[in-house]
Every structure is written in C-alpha cells, then in structure tokens.
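First the structure, in the form of structure tokens, and then the observations on it.
Residue numbering begins at 1 within each chain, and the chains themselves are lettered A, B, C and D in the order written.
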Amino acid sequence: MIKAAVVGGSGYIGGEIVRLLSRHPRISLEAITSRQLAGQKVADAHPFLRGYVDLTFSESVDGQGLDVVFLATPHGASMNLVPGLMRSGAKVIDLSGDYRLKDPQEYKRWYGHEHTDPENLGRAVYGMNELYWDEIREADLVANPGCYPTCSTLGLAPLFANHLVEGGVIIDAKSGTSGAGAEPTKATHHPNCGASVTPYKVGTHRHTPEIAQNLTRLQGRLAEVVFTPHLIPVVRGMLCTMYLRLNEDLTKQELLGVYTEFFRRKRFVRLTEVPWMQAVVGSNHCDVGLEVVGPRKVVVMSAIDNLVKGGAGQAVQNCNAMFGMPEEMGLDFPGLGV
Amino acid sequence: MIKAAVVGGSGYIGGEIVRLLSRHPRISLEAITSRQLAGQKVADAHPFLRGYVDLTFSESVDGQGLDVVFLATPHGASMNLVPGLMRSGAKVIDLSGDYRLKDPQEYKRWYGHEHTDPENLGRAVYGMNELYWDEIREADLVANPGCYPTCSTLGLAPLFANHLVEGGVIIDAKSGTSGAGAEPTKATHHPNCGASVTPYKVGTHRHTPEIAQNLTRLQGRLAEVVFTPHLIPVVRGMLCTMYLRLNEDLTKQELLGVYTEFFRRKRFVRLTEVPWMQAVVGSNHCDVGLEVVGPRKVVVMSAIDNLVKGGAGQAVQNCNAMFGMPEEMGLDFPGLGV
Amino acid sequence: MIKAAVVGGSGYIGGEIVRLLSRHPRISLEAITSRQLAGQKVADAHPFLRGYVDLTFSESVDGQGLDVVFLATPHGASMNLVPGLMRSGAKVIDLSGDYRLKDPQEYKRWYGHEHTDPENLGRAVYGMNELYWDEIREADLVANPGCYPTCSTLGLAPLFANHLVEGGVIIDAKSGTSGAGAEPTKATHHPNCGASVTPYKVGTHRHTPEIAQNLTRLQGRLAEVVFTPHLIPVVRGMLCTMYLRLNEDLTKQELLGVYTEFFRRKRFVRLTEVPWMQAVVGSNHCDVGLEVVGPRKVVVMSAIDNLVKGGAGQAVQNCNAMFGMPEEMGLDFPGLGV
Amino acid sequence: MIKAAVVGGSGYIGGEIVRLLSRHPRISLEAITSRQLAGQKVADAHPFLRGYVDLTFSESVDGQGLDVVFLATPHGASMNLVPGLMRSGAKVIDLSGDYRLKDPQEYKRWYGHEHTDPENLGRAVYGMNELYWDEIREADLVANPGCYPTCSTLGLAPLFANHLVEGGVIIDAKSGTSGAGAEPTKATHHPNCGASVTPYKVGTHRHTPEIAQNLTRLQGRLAEVVFTPHLIPVVRGMLCTMYLRLNEDLTKQELLGVYTEFFRRKRFVRLTEVPWMQAVVGSNHCDVGLEVVGPRKVVVMSAIDNLVKGGAGQAVQNCNAMFGMPEEMGLDFPGLGV
C-alpha cells in the first residue's frame, strides 16, 4: 500500500481527497492534518465520512514514513511546506496555486507576494493529467491545476494543440459555491447567492494567467485569455462556455474528429452534445461539447465537478500516475445524473 | 406626512422596512441608522434601493421630531433604546424579541439575560395585526411578532380562539435563509445549506414560548407547543405545517367556515387549498389551507414571506393601525407567483 | 381610466401583466382571455392574484370598447389577432416575436413560417422603451422586445450608439426558468435543471437576429452577434455577460461617463459595479456594470427581471408612453434584494 | 457473476440501479429494458453512464438465463410481470408498490385497482434490509420499500420495536424532486417548485399505509400514522421529521442507547446529532438523530438519498442478501457532503 497524508484536511478539497482515498484500493491514509481541528475526529468535521475514516486530525506531518503528501493548503502556505517534505523523500501533490505559474514574476503579480521556493517551482510538474501523463509519472512534485483551468483547458486543448485558433479566447465560467471553500463569506451567504448568478473578480481572477500559460504552451505562442467567473446557486459543478475563432473553416464534424483523436484513450474526457453538469457531478469526468455558430466561430462547452476533476479527483489521478497505477484507480465511477 | 426612522437599517429586516416605506404614500423616511455603516449611502448597502432612497446612514436617532421609530435591532439592544425613544414622544415599533414575551422570567429563560425595561414591557402591545388591531391602534409601543409566530399563529388562531383544539400542537416550520439575517454563518454558507433541508434549534428556538403565549391567550388556557424550525434552500418564504387534534368531529367544510368567519375583512389572510409559498413571496399576505386527515385530526398549512408579513410588512401594517391609516396602505400588492 | 385587456392570460407573462395592471392607477383591466381556461376565475390559475383580480377568463376579445390590448400569445398566434384588433381602434402591445424582426424574410428564417401580416409589421414600433420613447408615444402597435434582447441591448446601447465597438459582440446569457413559460418540459423539469447550468439552442436562439437588428440600428452598420443562452436554477432573473473590443482606448471612467450620459433621465437603468440579479428581481430595473479587462477589451454585465423589464413591465412602460403617462406609473417600486 | 436485468431502465430509479450495478464487483448487467427507448443506447438516455454501460435498451426480458431481475416499473405494471419472471426461475426485486401492502384490500383502497397476483403477494418479502435481512436472504421475490417508508421506518424502528411509543406518530417528510420521477409535471416544473416548499397529497399519499404496516408489525399492535410529504427545491435527498410521545420517561442518552443497540452491525444506519441531508446524498446511508423536547416528547429526524437508500441502493443491498453477498458490496462509499 502507498502511504499517504493529507495536509489541510478540514476544508472542502481536503475532505474530498479523504473521501476518495478512503475507497482507493492501493492507497492507505496515514494522517490528516488541520491546525484548527487537531485532536478532533475527522468524521466529526466531515459527517459524510463517518464509518469510512477513523483518523483524528494531526497538527502536522513531516513526510517521514510517507510515500505521498497531498497539500490542500492555501496559496502561500504550500511553498513553506514543500521544501521540507521534498527532503523527507515523500512525493508531493500541491493543490494550491503556489507551483502552477512557471514564472515567479507572474506569481508575484497575481498572488501578491514573492515566491520563496523558486527551486522547487522549477522542478514542479503541472498536473493536467490528460495532457502531461508522461511527465507526471516521473514527477516528485506535482502542481495540481485549478478548477477553472482544468475545465477550460480540457475543453480547448485539442484546438490549441492543433494550432487551429486565431486570436484569443473568451471564457465565461460558472462555478458551484463549493469552489469558494469552507469559510463563510458575504458572497456565499445563501440569501446573497441562492437566487442569483453573480460575476466576480472580472478580469482579475488568479486562474487567468494559469489558463493563458496552459494554452500558450499548447499552441506554442502567446494565447490571450479573457476570463469571467460566475458564482451559481449550485453546490457542486462547473461549466465553461468558451468563444473563439478558428483560423480555418472546419465543420462541427471535422472538429469532433479532432477532439476524438486528441482524447483517444483518455477515459475521463467524454465528448457529448451539450454538456450536462449533473452528468459529471460526483465523478472525475470532464464532458465536452461544441457548436460552430458562424463562419469559423466556435462555442466550446465543458463541464466538471469542481471538487473532483477540478481538485481532489485529479490529484488522485496524478497520484496514480506518479506511482505507476492505472489512471482510473479509485476514480472509476460515473456521475450522479439526477 | 408621518415622520419615521429606522434603527438598524443595514440588516435584511431593516432594508425591507426601508423598501416598503420608500413607497408608502403617507410616511416619510427621515433617518436610517447603522453604527457600522454610518456615513455611507443606504443604497450602497442595499443596491436594490438605488433610485428610491437618498439617505445616508446616521449613527443614531433620539426620537426628536419623529412620529415613529422602527427598531430593527438585535434582541437585547432594543430594550436599551426603547425607554429613551418613548420619552421623546415618538411611537416605537420594535422588531426584536425584547417586548414580545409578557413574563420577564420567560424572557430571561429564553433570551439568557434579565429584562431591563419591565415597565415598557408591561405597556407594549403585541402586534399580531389581524388579532389585535384595536389594541394596536391605541399603542405607543408595539412588539412586532417573530416570523414563525406570525405564520403559525395566523394558521391556528381560528381553531384556538374557538376552543376547538384538544391537547397541544406540533409545528413543523420551514424558513427561507433570509430569516437568518445578513451575517454570514456556517449554517447559511451556500455549500452547507444550498442542497439540503436542515432542522435547527430543535426544541430550543426562542419563538417557541412566543407561539405558546399566543395560543394560550387565544384559547384562554395553556397551550402546549412542539416547534421544529428548518432551514430550506430558498431565500424568501416560510411554510408552517401544523398538526393537531380537534375536540369535536368537524368536517373540512365546517372548519373552512370557522376560518372564513374568523378572518372576515382581514384582507391579508387568504384561505386556499394547499398554500403555495411563491404566491405570497414579495407580499404581506398569509395564505392558509387545511385538511382533515383522520378522525378529528387536522393538518393546517400557512405560508408567508418571512421578511414582509413575518417582519417589515407587518410592522408597516402596525404603523398604519397606530396612525389611523387603512391596514393595506403601502402594502397593497400581490406576491410574485413565479 | 384606460381600458385594457390581456389576451393569453394563463401563462407567466400574461399573469405578470395582470399583476402589474392590477395596481396601475390609471389602467383598468376589463378582460383577460384564455382559451383553455375560459370561464374559470383568473385568481384560481394565478393564486398570487387572489384579492386583486376578480375577473373570469374570457374566450376572446375583439377590441371593441378597449383602449389597449396586451397580447401575451405565442409566436404565430399574434399575427392572426393583430389585424382585427387594429381595425377595432384599440392600440396593441404584442409580447410575442411576431412584430419584432423588421424583415419578413428574417422572420421566416428564424420562426419557420411566413409572416402573414406584413402591413402591420411595417407599422409596428419596436418597444425598447429607453431607446425609442418618442416613437412609441405615437405608436398604435408596439412589438414588445424579447427578454434577452432587452437585457443585452440596454447593456450595449451606449457603446453601439456611440460607434465605439470594433467587430462583433459575444453575449453569454443566463436566464431564470420562468422565461421558458408555464408549460412543463424536460428542460425545466426540476431534477434536470435544479442543480445545473445548461446552455441551450447554442447558435440558434430566435433572439439572436433581434439583438443583431437592435445593435445594427444603433451603430448604423451590421453588428455581428454570437449569443448563447443558459438556463439557471433560479425562477426569476436574467444576467448577460457581454464581451467586445473597443475601437479606441477608453478607461472604465470614460466609459461610465458615456453610459451616464446615454441613460440620463432613464430611471429604470441604473449603473452599478457588478450587477446583482436579486437587486432587480420584482422590479422594472435594468442594472448595468462594466470592466475594462485588457487593451480595448470590455466586459459589460446587465441584469433584469426577465418577466418584468424583460416582458410585462416593459409592456406597461410602453403602454404608459402610448397614453401620455409617465414611464414609471404603476412600475415605481424597487426590486426585492434578498 | 450474478446475471441481472433491469426492467424499466429509462426512469430515474432504473438509471440509478444501472449506475450502481455498473460498479458492482459480482453482478453483471445483461439487459436493460424500456419500451419507449428500445433500440437506443442506454448511455444516450442517461449521459452520466457514458463509458460505464454499453448496452442498448431491450424491449423486454423473460427471465431466461438471468439470476435476478430488478423491476423499476410503475405500480400496476409490476404485478403483470412478476408471475412470468418467477416461473422462469429468476429472483425478482420489485421497486414498485405492488407487493408492499400485505392486505390486497388495502392495496385496492390505496392504489385504486384490484391486486391480480395475490399468490406472489403472499410470498413477497418486504425488503427493509436492516430489519428483515434473514427473511430477505431466503426470498425469491422482494418488495423493495418506498422512499418515505424507508426513511421514516428506519428512524422510528428502535422505538416501535421496543414498545416505547404511546399513541401514533406524525411524520413531516421533505423530498427532493427526483422522487417524483422522470416525467415532467406541473408540480416539478422549476418555476413552480424551484423557490418553494410544497406539501402534497396531504393525508392521501400511498406511502401512508406502508409506513403504518411497518410500524404495526414492529410494535405488534396497530400504529397510527399522520404523514405529510413536501416537495423541496433539491434534486436528491430526503428528510423526515417525526413527532411522537414515549410511554415512559427516557432521556436522550437512554434513547440513543436503544438506537445504538438496535442498529448494532448495521453499517448503513448512522446515529448523529441533527442529520445533514448532504452527508448521505450519493450513498446508501441513513443518518438518524433525535431530541427530547418535553416530557416524553421526542423528535426523531432521519435522512437518506431518496434514489439510493430510498430505492436503487436498497434494492442492491437486498440483492446482496438474496445471493449471500455482504450487504455493502457495491455500495461501500460515503455520501458527497458538499
């Protein structure tokens, strides 16, 4: 068994990793940390886990005796933990934004503080599983992608990787409220958001440079991204509606051929007509559809469960890669549908 | 014009009073207070009021030059303000729980601290408008009922006033999240409540003794109440489903006759089959329906908008009574339906 | 009093017109028709109207003795009724799509059948109230705009009217489910839509040519529109997030100046930071905000209540224009907020 | 491998059985029927199953070559299929109401038509798994309980089985809309139910006699049940709030002792404080809590996923019993939490 710990287990992403690992046939969960809740039963903080996890929150872990550590810690906290954990010999999967942007200047610009661990930043592999499986297999440190970058990049990758896009892309994203985390805020107070769709951080969301970096890498030249996230009155689920112009005139059929070829043998990406959010909720799937709506004008739509494929599920999928397991191990179940 | 002020205007109930008064033909809004937001535009805190209210939050009001003050202040705060306001000559409508329970011992038991203004507690008239219009007309101080007591008492009053109930009543209440107020909490964090119905304060909610006091007064002997509130994933609206046993065998038709007679000329209470919450949302109406489900067994259902009839609307209705205006002035509009 | 009738009063838009007219100080509601429900009480079909409307559904009206007829009839049905009603001397406000597209060929292309009343199509005035008040004042027949065209056009008008846009516009729209009408469908079945955001009619929605016609007229040259509507799990409310490129480099401040100037004295359009859907729900307001998110790249956001400003409210506002009343008569109330 | 078929696979319960069986390690799904969709891919009707189920809907199955048939057919249809299937030698798990009420007269009274298969009605074992495991192990025909009876009976069983209840019980139940099935109706049209809680079939729901039968059997004397179901704006999940009087004075602690003892080794029932619906959604768990709210007055609360423990999950659990497998096989995963 692979010995794992989750650091920052009191939040939604932390709880979700625990939920998935509790059923993983080849990973054993050795420790779950939370500074705030140290000493309490994990299942008291996450009542859905009662009967599945008997652990008590620890104060911290140092990596000794562990094969892998999942960091479900806030931006800024992860880069304080990674160097020590790396020295212990454990592999690390970081779910914060600390190791995603390759350029420390970009990091500083979007996250507001210096990057203090540029060495590991250089070593970190970006864990967009469907795109970089081979690199991830060799990695000791994986930067697990953000939820919006996962959903949008998977929807756009076949077009950008095949150099089919002229100009930039507009991404109108809609996220369930669990993406905002476990801390109550004015924005996620039910009376404020329960009967509304609300744009937020228009033009300033930190996932913007991450998406741009992904698309730039795929097409080999700078990709321009306009990205507007919205909070929707749904707990789980994310939909990206994306607008772009092709540099040649392709039919929907031809484009679907490009997608089919690109995602061959990637079982978690499914092509569909219009993606239905509830079809992926509870699963690690990303459902993608597209329409040609005018001459060279394309609308791409992609849907994920923001906590699974957009976080904990992809982290487990990356862990599977890092330890030579099949990608679907512990993740091999469909979404809930209704 | 009647000169009014709202104390505690930053919360949901305060904002709702302002919303209603902004359209009232005979009340002019002179001041709105908020300690936290003093100096800011009211319409910045309540963007739906832009174009309707030009006032800036004041620090406080002392009642001078005012005809009436609406207190949308927390329990405990109102009783510090009432004595001074009463001395100024302004009439007061208090929307907190401070003047609802007639027995100071009950108050202490349920609210956890001594009542410091027993004198005004004795003078306060309970503002259940449909029941006590004549008293309210003469009152200088009105204790505006709680949302749950309003919804449940209106549904039950005809039966208790006519001495038709044997034993107590069970009230299973469902409230929209706006009833919890403007402060973000764990319970109202969308990911926790947006896909659930959750019972809370089972057996311990402060509205229990208020409901019991209402029913006891109506039937002239002690009424036993079991009351379970639930939070539902709806912003506005409240439904009470209530279970009781009659002391004689009456048909649904006979019971509807009792209700029709009881609410004659009370235009805000409407008899219906099964109440539909959306039919009252946005309005001051209470819709009531009932079924006989077994020998002498009755289920009564009542629905209100928790912020209007359950708070601000009833306060305006009480103000109308206190100043000799028709009850529907400023409140004469239907609910939204869909 | 102006004598009005509503044709097609059993649906949501019909019910909403009745709701608004029931409180209008200078319009009296003489008849409400519904073929299906003829002979039944209107308030039985629309329980929120109990106590406000005593009428019974009629089979039909012929315009005799009426000043104005609101047609809340389906596309295709309106153009069978308009010629007769016009001959009776009544003014007509049609809420279907039949008289919106000026080009009968466009109508045929998008609605799938010939336009049978080209004469009145030529006379019909497009009732985008904030843009064409003076024309509407003189009109006998007003084509009331669609909900999406209202929300998007109001958000974009200042930019297109001032010739500030380079290229086309992308409109990502989110609508509450009441926009789909009163007839149950698979798409609006709660289990299918209650925990999802779903794009529909991607590239093929009939409001696309209407929006394009509006923007083309405003800027005086062909406007290209990509429009994707989404169904959101909200009953009322609509948000449009719109993406475009300016043809010169303007700051947010300068753009807000353009908007302020454009909407001077238009009280139902309010400029805000990020529009909050709940601030307009229940009202006739359109709240508009914008951000500059890159060099000449602008995101405009606008929100309305789809049944009020997006339908019945704008129809009443148009009626006010047609009969020389102030635009806000019967519509002068704020949204619900929470 | 156990060879299974699902009859009536196009609905929500049918789809859910398929979803669960698709991951069951010892059951292979041989056929899924739907008269309407015969010849179509199952995954086209249930897009969440894409990649998990390759079958095409069949017209029907006759039981030949099958070990077990799950009937997700409507009331009335099942009893036409059961006799033939039983003769084929296949075991049958019927999820309709046809074999739940032991008394054919009761069946006729509540379902409105004669029972045509009284012979098998006599043989059918009621599949309340936690209560009748030993009988279910021996059964050839299992009547899978209704969702409301499952949720309420599990919450009440320890009290009734221990003869602790005086008088009857009041059950106020709240169900997600998926319980209403896949067919669009007025009641489940999002604009009608998306911002409301609505009581329905007050005093007349068919699950009432089933619950009464369960409690009567447990306590050995007639149990009186008042049952009011409500539709809530949630897709999945059910909560029952239940009110009763004890016949002796027991503390909460003593009652919890009774529950703990009763559910010893029943891993799908978990005792908790106040059940949180989201903690069980997606799982086969039933979470139960209780409060003593007055002298001998108890409120019991229980929560399930209406499609899993309230339908498909319990059916699989029953199948596990019938074929000598551990109860949790294929069901051994926690709920989603947020």
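What we mean here is this: contacts are C-beta pairs under 8 Å (C-beta built on N, C-alpha and C of every residue); 3 or more make two chains touch, one makes a residue touch a chain.
Keep in mind the model is a prediction, meaning the values are calculated, not measured.
Asker: Measuring between mean CA coordinates, which chain is farthest from subunit A?
Answerer: Of all chains, B has its centre farthest from that of subunit A.
Asker: When I count C-beta pairs in contact, which pair ends up with more: B-C or A-C?
Answerer: Per the contact counts, A-C leads.
Asker: Could you work out how far the Cα centre of subunit B sits from that of subunit C, in whole Å?
Answerer: Those two chain centres are 36 Å apart.
Asker: Determine the centre-to-centre distance between subunit A and subunit B, using the mean Cα coordinates as centres, and give it in whole Å.
Answerer: Going by mean C-alpha positions, subunit A sits 46 Å from subunit B.
Asker: Whole-Å distance, subunit A centre to subunit C centre, using C-alpha means?
Answerer: It comes to 39 Å between the two C-alpha centres.
Asker: Going through subunit C residue by residue, note those that touch at least 2 other chains and give them in order.
Answerer: As it turns out, subunit C has residues touching two or more other chains at 12, 178, 182, 191, 195, 233-236, 276, 278, 338.
Asker: Which stretch or stretches of subunit A touch subunit B in the complex?
Answerer: Per the stated touch rule, the residues are 12, 176-178, 180, 182-186, 188-191, 193-195, 233-235.
Asker: Give every residue of subunit D touching subunit B within the complex, in rising order.
Answerer: 170, 172, 174, 191-192, 195-200, 202-203, 224, 226, 228, 230, 232-237, 239, 241, 243, 274, 276-278, 281, 291-294, 297, 299, 301, 338
Asker: Please name which positions on subunit C make contact with subunit B in the complex.
Answerer: 12, 15-16, 19, 22-23, 46-52, 178, 182, 195, 235-236, 267, 270, 272, 276, 278-280, 282-283, 285, 287, 307, 332-338
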